[in-house]
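So that we are looking at the same thing, I have put the structure below in structure tokens.
Chain naming follows the written order as A, B, C and D, and within any one chain the residues start at number 1.
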Amino acid sequence: MNNPNIYIPYLMRIEKITQEAPGVKTFRLKFENKQEAEEFEFKAGQFGEYSIVGVGESTFCIASSPTRKGYIECTFRQVGRVTSALASAEEGDVIGFRGPYGNTFPIDEWKGKNLVFIAGGIALPPMRCVIWNALDLRENFEDITIVYGARTVADLVYKHELEEWGNRPDIKLVTTVDPGGETPDWKGEIGFVPSVLEKVAPSAENTIAIVCGPPIMIKFTFPVLEKLGFADHNIYTTLENRMKCGFGKCGRCNVGEKYVCIDGPVFSGEELKLLPAEY
Amino acid sequence: MQIDNYLIRQTSLEKLFNNLIGNGKTVFAPQASEKRILFEKVKAFSEITDNYLVTTNAAKSVVFPRTEKLFSYKKTKETTEITDASTEAVPEVVLWGTRPCDAAAFIPLTDTFNGDYPDILYNNRRGKVYLLSFSCATCDEYCFCTSVNGSPGNTAGSDILFTKLSTGDYLAEVITEKGKKLVAENQTLFEAAPEEEKEPNLAKVKTYFNQDEIQAKLQNLFENPVWDEKSRACLGCGSCAFVCPVCSCFDIQDEKHGSKGTRLRCWDSCGFSLFTLHTSGHNPRETQGARWRQRILHKFLYMPDKSKVAGCVGCGRCSRVCPADINILETVTSI
Amino acid sequence: MNELIQKAKSLLESDTVQVVIGYGKGSADKTRAIFLTKPEDCDQLLFDSRCVQNLAVYLTKHEIKHLGKPAIVAPIPVLRSILQLAVENQLKESDLVILGVSPESKLIEFDSFGAIELFLNAYKIQIDEKYKATIDKIKAMPVSERFAFWIKELEPCFKCYACRAACPLCYCPKCTVENNQPQWIPAASHLLGNLEWHVMRAMHLAGRCTDCEACYNACPMGIPIHLLTKSMLQDVEEHFGPYGPSVGKRNTLSSFNPDDKESFIR
Amino acid sequence: MTEFEPKIVAFVCNWCTYAGADLTGTSRIKYAQNVKIIRFPCTGRIDFMLLLKAFGEGADGIIVSGCHPNDCHYTSGNFHARRRWIMFRGLLDLLGIDVRRIQYSWVSAAEGAKWADVVNTTVTAIRELGPYTDYAKVANYLEKEANV
């Protein structure tokens, strides 16, 4: 960031708001300052601090792909103080953004491999960034599989994109909802993500698995991947912990010795196994 | 850097103080009141006490205020105007009467606020602080600086370290460029170095443990009953962190009045249950034991691993103020 | 003392309780709260004039509850807090065993909250004369001077919330200061934030505080916040009659009397 | 210099004082314009912190008003409020927060004239006391002190 004061956010204008699911919105944000827009760069997996001045900051990933220039997108669920204030913002309003922070998915190392994306609920946004990144460089990868689940059909985010991905012959998309969350015309799977993954049974051969979801889903997905033959170093996930600064100073997001904000948020299964259960 | 030694007469200290004030510097020094001794802004030499072991509060607030403006803003119909707080002038501050442990604390503190993301607010302040420390002639059962690579006559961190000699005059060790500048400005007050040795005039602080050994032991101690046992009485307040000269965890908060407001950084403590609480209700550090572990590991393992310096200087403040008498030395030695 | 140790031992041996909360040796010449789970450790128990921490605060802490049913060493301030917690339905008689300690350091056992109340009738809360004098002195200041006095006193507060943490009656799982929608009390510690926090704390203890001074004892900065609650205790007495926790009676501010008198409402 | 116009915030209950203030208007009784009325379901609902917030945001005086005793729409809300006011007033007084700047009153839905009188006398009293600079200094501390 150009500003020597690392706490000062970029001013971003909300260009477009999409209602993804109940309580979940996507903002497309454009830089107010042209020079900042040109100089801004990020990579898949990074996050930022989004803020409404006078209310506070909130941490979420950048949900758009770094291959799409000129804007960034974020998707958030309205839960706390800041997300509520963000949710009541309108198109054309100015909000703050600091970032990008954190490490990235090693997407360059995945060239020539199969990719399996496994996501649950509101954890698709951090993965959407890397999915689009991979799709925009589609020739670099072999098979791409996406397993995505949510509690109910309404809770599935990016419905239009799911439809688009589902229609593409070069992607295998499996969507699922928790038992009881289906609608009469639901065509996807019914069941929890780990069991659906077990049914889909992607080959572990030359494959990278990227997992993101609530702690309970992660807990049950890892054993399934292990059963399918995935080695720890071929599994990636992104962690979330409460953050304030985003750059390793405020002292709260660490998991053992690792700070989610600077050493993460992306961790491989191998790294994750070395971390204490503090997330 | 070469340390220059001088003698400064007891009577010259006051002159030095007056010169500093005369040069427009703000001086913070230990000031005694009925209930406490605090680093406070002083105007006259007579306000300073020299009858103290360590102050109740740490000197860190001079570089890391408990509430600090990051920027202020004004919302207009069209956009938001932001005024950077780091461009505001900060005064030249002399910290008079810091102990060697206090001065040493500025080293890890500066580490935390630098690295890949230098914090200009901190650095602006730090750049304007002169540390005039006084060696310790006394200590108590809470002191353990010698266990964390410090000592009652440690020069690390200070610009000038004064040690009271048997004559009542002081040995002045001038450690940094800043210190040399002060000496140059007050040339007449600094005389040729005394004959007397410094060592006999220092407190004898018992060494309870070795920081490097503790660091090694803590590597594999994440799951251990000691955390729950030693923190059982913990009430979950933040007093230990707030009096600690090294603790620098903070919170970012906004305050607004109508269309104007400020974004602030304010002290926070890993002892608070809210510190790591997710909005979802999930808390990675659910119990007070987990929070106590974080405090110990952060200071004695994570920080020395990252920056070679422990996050504890052995001043013992946290143990002295703890309303439940939880003693950091006791926890560490029990490991 | 021996009596207390023997009793504690037998309670643990018979598994009547799983933990004994008492006082033990602390650092330097302090005493501290100890949590004994084994009968053989009970010899660590002690009681003397240094034991001022209010142990009742631990009765509502989830880490301590987790240890099982407690027996608690309870000198008079602790007994008052227990009774107040009982009045507020935070404790049941079957929840704990009370090892009362009389001012003569004698062990007194209580089989009901009513028995505590009966005992405490002989030890009514009384504000120390020296505090009364201080409060009167403050009240005699002109209003501007009084305000300046308090702003200066509250200025060193850095909001560690030790006052809240040490208070047996601050047991809310979520404190008002932690409420951020809206941010009721500024989280930052500055003059306004400090003032609002202490007003809020004192008001939430109005008619509940049992004058144990745990807040003042816990404050690392030695801010005389106990004067606020003491003054309010005086006010309760002046306006609503003698005060003390009483089983089956509601708190001063949770109840009313249609004939309450005041002189300032038009 | 223009004359000091006090800013007054009135916290009133919906059932009595708010209706009373309405009556003041419909009866075309003129009264001071310095007051901003905030309506609550009941005086029992008026949190004491709101009064401090009003001072913090720059109020020079405050009116708190509701139903007469025994007239509460919810039977006892004002009785509870009265106890709270007694305690709160004592605390504020000890702290040196100027209790003369807070006027409590009972104004029924039929007392349009009383409302006008309460407002007018409060405005006069606050005008005499002048702006509440003591509190403003504390409330705007962060704006004044560049860095704390």
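Quick note on the criterion: a residue touches a chain if its C-beta (ideal position, glycine included) is under 8 Å from a C-beta of that chain, and two chains touch if they have at least 3 such contacts.
Fair warning: this is a prediction, and the values are worked out from it, not measured in the lab.
Participant: Comparing the two chain pairs, does B-D have more C-beta contacts than A-B, or is it the other way round?
Facilitator: Top pair by contacting C-beta pairs is A-B.
Participant: In whole angstrom, how far does the Cα centroid of chain A sit from the Cα centroid of chain B?
Facilitator: That pair's centroid distance is 39 Å.
Participant: Chain B to chain D: how many Å between their CA centres?
Facilitator: Roughly 46 Å, centre to centre.
Participant: At what distance in angstrom does the C-alpha mean of chain D lie from that of chain A?
Facilitator: Inter-chain centre distance comes to 50 Å.
Participant: Can you check how far apart chain C and chain D are, centre to centre, with Cα atoms defining each centre and the answer in Å?
Facilitator: About 33 Å separates the centre of chain C from that of chain D.
Participant: Where in chain B do residues touch two or more of the other chains?
Facilitator: Residue numbers touching two or more other chains: 66-67, 85, 251, 253, 255, 264.
Participant: Do you know which chain A residues sit against two or more other chains?
Facilitator: 80
Participant: Which chain C residues touch at least two other chains?
Facilitator: 183, 190
Participant: Can you name every chain pair that touches?
Facilitator: Result of the pairwise touch check is A-B, A-C, B-C, B-D, C-D.
Participant: So in the complex, the part of chain B that touches chain C is made up of which residues?
Facilitator: Within the complex, chain B contacts chain C at residues 34-36, 38, 56-57, 66-67, 140-142, 228, 232-233, 235-239, 241-243, 251, 253, 255, 264, 266-267, 269, 272, 274, 287-289, 319, 321, 323-327, 330.
Participant: Can you tell me which positions in chain D touch chain C when the two form their complex?
Facilitator: Interface residues on chain D, with respect to chain C: 48-49, 52, 56, 69-70, 76, 79-80, 82-100, 103-106, 118, 134-135, 138-139, 141-142, 148.
Participant: Given the complex with chain D, which residues does chain C contribute to the contact?
Facilitator: Listed in rising order, the residues are 135, 138-139, 141, 143-151, 184-185, 190-192, 195-196, 199-200, 202-203, 206-207, 227-228, 231-232, 235-236, 239-240, 252-258, 260, 262, 264-266.
Participant: In their shared complex, at which residues does chain A touch chain C?
Facilitator: Going through chain A, the ones touching chain C are 80-81, 84.
Participant: Could you pull out which chain B residues touch chain D in their complex?
Facilitator: Touch list, chain B to chain D: 65-69, 72, 85, 88-90, 255, 257, 262, 264.
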